[in-house]
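Here you go, one structure.
Chain naming follows the written order as A, B, C, D, E and F, and within any one chain the residues start at number 1.
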Amino acid sequence: MGLKEDVQNTLGELALDFLECQGDLSVTVPKDKIVEVLTKLRDNLGFNFLSDVFGVDNSVFYEKLAKAKAKKKKGEEDKEEEPQGPPPPRFEVVYLLLSLETNKRLAVKIQVPEDDLVVDSVTCLWKAADWPERETFDMFGIRFKGHHNLKRLLMWDEFPAHPLRKDYPLEGQGEERILEYND
Amino acid sequence: MAFQAYGGEGWLLTKLEQLINWGRKRSPWPLPYGTACCGIEMMAALASGYDLARFGAERPSFSPRQADVLIQAGTITKKMVPIFKRIYDQMAEPKWVISMGACACSGGVFRTYSTLQGIDLVVPVDVYVPGCPPRPEGLIYALIKIMEKIEKDHPLRKKAAEIGIGG
Amino acid sequence: MNWVIAIIKVVFIWTWCLLWATVMTWAERRGSAMIQDRLGPNRAGPFGLFQPIADGIKLFTKEEFRPKTARKILFNLGPILFAIPAFSAYAVIPFGDKIVIGGKEILLQVADVNIGFLYVLAIGALAVYGIVVGGWGSNNKYSILGGLRSTAQLISYEVPWGLALLAAVFVYGTFDLRQIALEQTGTFLGFLPNWGVFKQPLGFLIFTVAAYAEANRVPFDLPEAESEIVAGYHTEYGGMRLGLYLFGEYVNLYTLSALCVTLYFGAWNLPYIDMSKFLGPISYGIASFVVFWLKVMVFLLSFIWVRWTVPRFRYDQVMRLGWKTLIPLALFNLLITALFIQLTV
Amino acid sequence: MMSGFECIALYLAMSVIAVLGMYIISVLLGPLRPKPNKQTPYECGVPLLDPSNKRYDVKYYVVGVLFLVFDLETVLIYPLASRFKEFAHYGWGAFFEVFIFVAILIAGLIYAIARGAIEWD
Amino acid sequence: MDIYFWIFAVIGVAAGIFTISYKDALPCALGLLTVFMSLAALYVHLHAPLVAIFQVAIYAGAILILVVFVIMLLMTPDEDQMGRQKNIGFRIMGFLLGLLMMCYLAIGAKGIDQLVHQEKLPKGFGDPHIFGDLLFRQYLLHFEVASVLLLVALIGGVYLAKKRL
Amino acid sequence: MEVRRPTIEDWDNPGDLVTINIGPSHPAMHGTLRVIAQTDGETIVSAEPEIGYLHRGVEKLGEHLTYHQFIPITDRLNYCSAIANNVSYEMAVEKLMGIKVPEKAQVIRMIMMELARIADHIVCIGILGVDLGAFTPFFYLFIQREEIYEIFEWYNGARLTNTFGRIGGVEADLPEDFEERWRKLLPNLKKAIDETDKLLTHNRIWMDRTIGVTAFSPEDALSWGFTGPCLRACGVKRDLRKDEPYCFYDQVDFEIPVGKHGDVFDRYIVRMIEMEESIKIIDQAIKIYKEFPPDAPLMAKVPKIIKPPVGEVYSAIEAPNGELGFWIKSDGSDKPYRIKIRPPCYMVYQAFPELVQGEMIADLIACLSSLNIIAGELDR
C-alpha cells in the first residue's frame, strides 16, 4: 500500500497527474480545487503540516525538455508527451505537505496559466501559508484570493517586476529604490 | 591679527590638534551595522577573543549621533539603501566608514537584482576589508588604519576654515 | 582665611568627584573586561587609564547639532538640567572627619548644615527634569519613551529611597550628615561596629535597591535600555551633551555611594579602632579621608559588579518591585524602627 | 565666618559655571555641518511613520500622582523624625502619631494597588 | 546682604513673567521651576532653610513633576502649537483675580517686616527640631488631617485615571 | 498560563496608539529585521514585521550557477551554522541523483553539523542574553565558539562560511588529532555552558523576564509551521534527526528536549539542553568514526559535471533552527532549474505578530532574540 494509492483513493479524479522522483511523490490537482484537495489530504490522510508554498516558472522548462528530447531520441516517436494542443500553463504552485504521524511527505502542485494568475489562498487551512504566498506573489505575480495581506514581502513596494520569473534577468533591470529625500 | 595665530602654523595649534586627534583615535565608538555573515564576525571581534574594546572601541552605540565609526558588515540590498544612507547622514561629524566584507565592498558573490554592488556607491568609505567574511583580525586592522587616518587630520584648522577665520 | 579654605574645599571636592566619576568610566570598562575574560581598553595610556580622557576629548570635539524637529530650548537645556543637580549634590556630604592644621580645625566637608540630609534629597529629585526635558525636547519616540520610563522609574524609587532614609533619621535624630557620621563610632550591642547597617539592615537593603534605580544602573537601566529603545532619552544627543549625561550619571554614582557610606557604613570610622586616639591631627585627617574614600570605592565597584551580572528588568516589573515590594517594606521598616526606638528608650 | 549655605551656594555656582563652560567649549570646538538629512529625527533609519509628540499612556500620570502623595508624606514626617527620640521619652504619643499617619497611607497604597493603578497590562 | 534678595527676586520675577508669557507649555514649567528655586533661595536668605528645602522637595520635586507629566501626556500636537487662550474675558478675569490675590497677600504680610527686621531671631529659628516640636505639639491635628487629605488626593487621582484605564 | 490576546478593538481610541518603528538599524534587530509596532504605553497592540532587507536573490542566483557552484552560496544562508546548510543542499542533490554517500563521510558530516549546532545555539543564547541586558554570558560563550571555529578553520580553512563537503561526500578526512582537540575543547565548553546556566537559568530577573513571555500553544505552532527548537519549546517532540533519520542519527543515543509553554524561557532551555545533547552525539559519532579504516572512501563516484536527471526532490535536515529543506527541480542540465529553500526561521518569524500581541515592548525584543531569526536564511 503506497502513498500513491492512498492519495489516489482520497482524491479520486481530483488527482490529475502523479510524479515520482527518488521516492518523492507529487500530485497535480486542478487549480480551483486546491483548498478542497488540501482539506481532504489534511483530514483523511493526516498531512497536517504545511512545509512550504512556492511557485515555479515553467516557461523555459518545457522548451528545454523538448530540445533535450529531440536531441536524444532523434526520429523516435513519443507516446504521449509530444507537445500537442495548447502549451502547458506557465506557472506552477507547489504545496509541500508533511504528515507528522507517518513522517511522509507529499507535494501538491497546481498549474497556473499566465492569463489567470489567481489562486485560492490556503491561509484558512494553515497559517503557515501566509508569508510563502506573499513571497510567491512577490516573486511570480501569482495572486492569492482570500489572503488577508497580499503585498510584496521581500522586495520593496514600488518594485516593478517579479524577479523569479524566467524572463527577468539575474542582474535586474536597473531598478533602484527611490530615495525618499534629496541630499 | 589674533586669528593669524589661530590659523597659522603655531606650535600650540599643532599640539592641540595632536591632542584632539589622540582623543579621537583612542575612542572610536563604533556603530555596528552588521547585516549579514560579516555581522557575526564583527560580533566575534567585539567579543572576548579579539576584543575590539582594547582600542577604545567599546560602547557600540546604535544611535548614529553618538558613534564615530560606521562598521558596515555585510550585504546592503537595494531595499536597505535609503535606510543605510540615512543612518550615515545622521551620524555626527567627524565620522568614518569601514566597509567590511566582499558584499559591502563590491556586492560579493551576489551579483543579483536586489544587491547593491558596493556601499561606496552611496557613502564614502574610508577602509575596505576584503574577505567573505573577513576574519576579526581584518576588522581590527581596518580600525588601526582608521586610527592612522585620524592622526593625519587637522580638526582645528578645518574648524577655523569653517567659521571663516585664518586659512 | 575662611573664605580661602572654603574655596579650596569646594574646588577640591568638586574636582575630586569629577575625577572619580571619570575614573569610574575606566574602572567600569576594565572591570567589565575582567569579568568577561577580556582585556578592555589598554591602548590609551598605561592600562588604558587615559581612556576617559580620550573619550572626553572626543566628545568635546564632536559635532553638536540639533535635529530640526527637536524643540530648541528644551533640547539644549536637557543635559544642563541633568548635570547641574548631579554635580552639586555632593555639597553637604562629608569626605572625612577633620584635619587640624596650625591649630585651625578644618572640617572635611564642604558645608556642614543642619539640613544636609534633606538637601541631598531635594537636589536628587531635580535630576528628573534633565531627563524629562531632554527626552521630550528631542522629539523622538525613543527619547520620549525613555524619558517617560525614566521619570516614572526615578520618582517611583524616590519614595522608598526617601522612606528608607527617613527611618535612618529616626535612628540618628538629626539631619546633619556630619552628626550622623559621628554617631557611628564605638560598638553596638557590645560586639558590632556601631554602623547604620546593623541598626537598619532592611533600610540599607531598600536604600541600595533604590539607589541602583536612581542611578539608572542595571538591572534598572531600562530608561536607556539599549536593546529596546536604542539609547533611551539621550538617543538624539551626541558630543558633550551626551557627555554631560554620561558624566552626570557617574557623579551621581559617587554621590550615592558616599551617602550610603555616611549613613550605613560608619563614614570614616573603622570598626573597633579609634584612629583619632593614636594618630596625629594631620595624619588623622588624611586617614579619615582615605578610609572614607576606600569605602566609597567598594560601593562603586559593587555597582560595576552587579551591572555585569544580572539582566535588566522589564518596565512593569520595575514598577511592581517599587510600589508593591519596596514601598510597603519601607513603610514597614519605618514603623518597626519607630516601635523599636519607642521600646528601647 | 562663612556659613554652610554660602558654601553650598559656592558649590552650586561652581557646578553651574563648569557645566555651562563644558557646554560652550564643546559647541566651539566641534565641527558643525548641518545637512537636511542629518537633522531628521533618528527612527532606525526610516522616515517618520507618525509624529512623535502624541499622547502617551495615562498610567505614567498615575505614577506621578502616587509619587506626589507619598513624597508629601515623607516630607511631612521628616521634621518629626529628627525629634522622635526625644518625644519617645514622653510616652507613646509620637509613635501613635506616626503610626496613624503611616497607616492611613498604607490604606491608600492598598487601595491604589487593588484598583490596579500600577498594573501595567 | 540684601544683594542676595535682589538677585533672586529679579530672577524669580523674570522667570515668572517668562512662565506666563511663553507659548510652549514645557518651557513654561521650567520657568516655574526657576521661580521655585529662587523662592527657595530667598527662604534660605530669611533663615528658613527647612522651608527652602521643602519648597524644593515638594514644589519643584513633586508637584511640578506632576505638572510636567500632565503637560507631556495631555498635550496633543495641535495644542502644542496653539498658544494661549485668546478670549479677552478670561484675561480680564485672570487679571482681577490676580489683583485680589495680591491684595490678600499684602494684608497677610502686614506684620512680616517687623519679624524680619528683628535684630535677634528667636533661638533656633528655622531649625528642623523646632519645626518638629511645633508639628508634634501645636499642630498635631493638622498633621493627621494632612494624612487624610493625602489619602483623599490619592484616591481621587487613582479614580480619575482609572476611568480611562 | 493564560495567554492574553487583546486586539486593536480593545482600545477605545486608536488615535492614541503610538507607532514605534523598531529596526532595521536597531540594536536588537540584528541589522536587517524591522518591526512596526503599535503601542499603547508599553503594551504592543499590533506588530508588523517587515522583511526583505537582506534579500539577495539567492534562489535566482541558484538557477544561474552549477550544482557545485551553489554550495558556497548556501553558506551565506544561515551564517551561524553554515555547515548544516551545506550538508542539507548536498543531500538534496545527492537524493536527486541517487548517490549513496560513503558512511565515513556521513559520520564526518554529522560531527561537523553538531559542532555547527553548538556554535549556532551559542550565538542565539548569547544574543538573547545581551538583548535582555545580561552581557556576560555572551562573552563566556563566544570564547568557546572561537574554539569551535578554530576546529572548523583547521579542518577546511574557513571560520564561518565553510563550504563544507562536496556533492557525494566530503573532500578531506578529519585531521588526525581531531579527537584530541575535541577533548581539549570539551571541558571548557561544558564549563561555559555551565556558567551561563548559573548566571541565567535560576536568576530571578531572568526568570521574570522570560517565563510566560510570548507563550505559544502547540496547535498554533504547528499551524504556523514552526520547526526546530521553537516547536519543541511548545511541547511537540519533533526532530528530523529522530523522525526522518539521516547520516547516523539513528545509531546514536540522544534525547530531544521539549518544553511546555513555548515561552522564551522554554526556547532558551531547549537550546541549552540541545547543546549538551550535541556534545553527547559528537562523542558517540567519534566512536563510530574510529571504527572506519583510515583509507575508507570519502567520496562516492560522482561525475565531474553534475547533470541530474529531470525531476524534483525535496530533502530536509534538522538544522539548528529547525527544518531546513531544499526543493530542487532539475531539467537535466548542469544548472538547477529551480531551487527553493525552506528556511526554518521564515516560518517562525511570520507568527511574530501573533506571538507578541499584547505583550510589552521589552518582550518583543526577548521574543525576537529567542526565535533566533537569521536574516540570511529569512530573506535569502
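Heads up, the rule we're going with is that a residue touches a chain if its C-beta (ideal position, glycine included) is under 8 Å from a C-beta of that chain, and two chains touch if they have at least 3 such contacts.
Please read these numbers as outputs of a predicted model, since none were measured by experiment.
Asker: By label order, what chains touch subunit B and subunit E together?
Answerer: C, D
Asker: Please report the minimal path length, in steps, between subunit C and subunit D on the chain touch graph.
Answerer: The distance in steps between these two chains is 1.
Asker: Among the chains, which one keeps its Cα centre farthest from the Cα centre of subunit A?
Answerer: Checked the centroid distances; the maximum from subunit A is E.
Asker: Looking at contacts between chains, which pair has the highest count of C-beta pairs?
Answerer: Answer by contact count: the chains C-D.
Asker: Approximately how many whole Å separate the CA-defined centres of subunit A and subunit E?
Answerer: Whole-Å distance between the two chain centres: 74.
Asker: Averaging only over C-alpha atoms, locate the centres of subunit D and subunit F and give their separation in whole Å.
Answerer: Their C-alpha centroids are separated by 46 Å.
Asker: Would you kindly tell me how far, in whole Å, the mean C-alpha position of subunit D lies from that of subunit B?
Answerer: Distance between chain centres, rounded to whole Å: 39 Å.
Asker: On a C-alpha centroid basis, what's the spacing between subunit B and subunit F, in Å?
Answerer: Chain centroid spacing, subunit B to subunit F, equals 32 Å.
Asker: Which residue numbers or ranges of subunit C touch two or more of the other chains?
Answerer: In subunit C, the residues touching two or more other chains are 36-38, 60-65, 113, 118-119, 125, 141-142, 144-145, 148, 151, 155, 158, 175, 226, 230, 235-236, 239, 315-316.
Asker: Where does subunit E touch two or more other chains at once, residue-wise?
Answerer: Only 49-50, 57, 61-62, 65, 69, 72, 128 qualify.
Asker: Indicate the residues of subunit A shared as contacts by at least two other chains.
Answerer: As it turns out, subunit A has residues touching two or more other chains at 154-156, 163, 168, 170, 180-181, 183.
Asker: Taking the complex as given, what residues does subunit D use to touch subunit E?
Answerer: Residues 5, 51, 53-62, 64-69, 71-73, 75-76, 78-84, 87, 93-94, 97, 100-101, 104-105, 107-108, 111-112, 115-117.
Asker: Looking at the complex, which residues from subunit B come into contact with subunit F?
Answerer: 32-37, 39-41, 43-44, 47-49, 60, 62, 64, 74-75, 77, 79-80, 83-84, 87, 109-115, 132-133, 135
Asker: Using the touch definition from the top, list the residues of subunit A that touch subunit F in their complex.
Answerer: Those residues of subunit A that touch subunit F are 19, 21-24, 26, 48-52, 54, 56-57, 60-61, 64-65, 68, 94, 96, 100, 103, 105, 107, 126-128, 130-132, 139, 152-156, 163-164, 168, 170.
Asker: For subunit E, which residues count as touching subunit C in their complex?
Answerer: Against subunit C, subunit E makes touches at 24, 26-27, 30, 33, 49-50, 53, 56-57, 60-62, 65, 68-69, 72, 127-128.
Asker: Which residues of subunit B touch subunit A in their complex?
Answerer: Touch list, subunit B to subunit A: 78-79, 81-82, 85-86, 89, 111-114.
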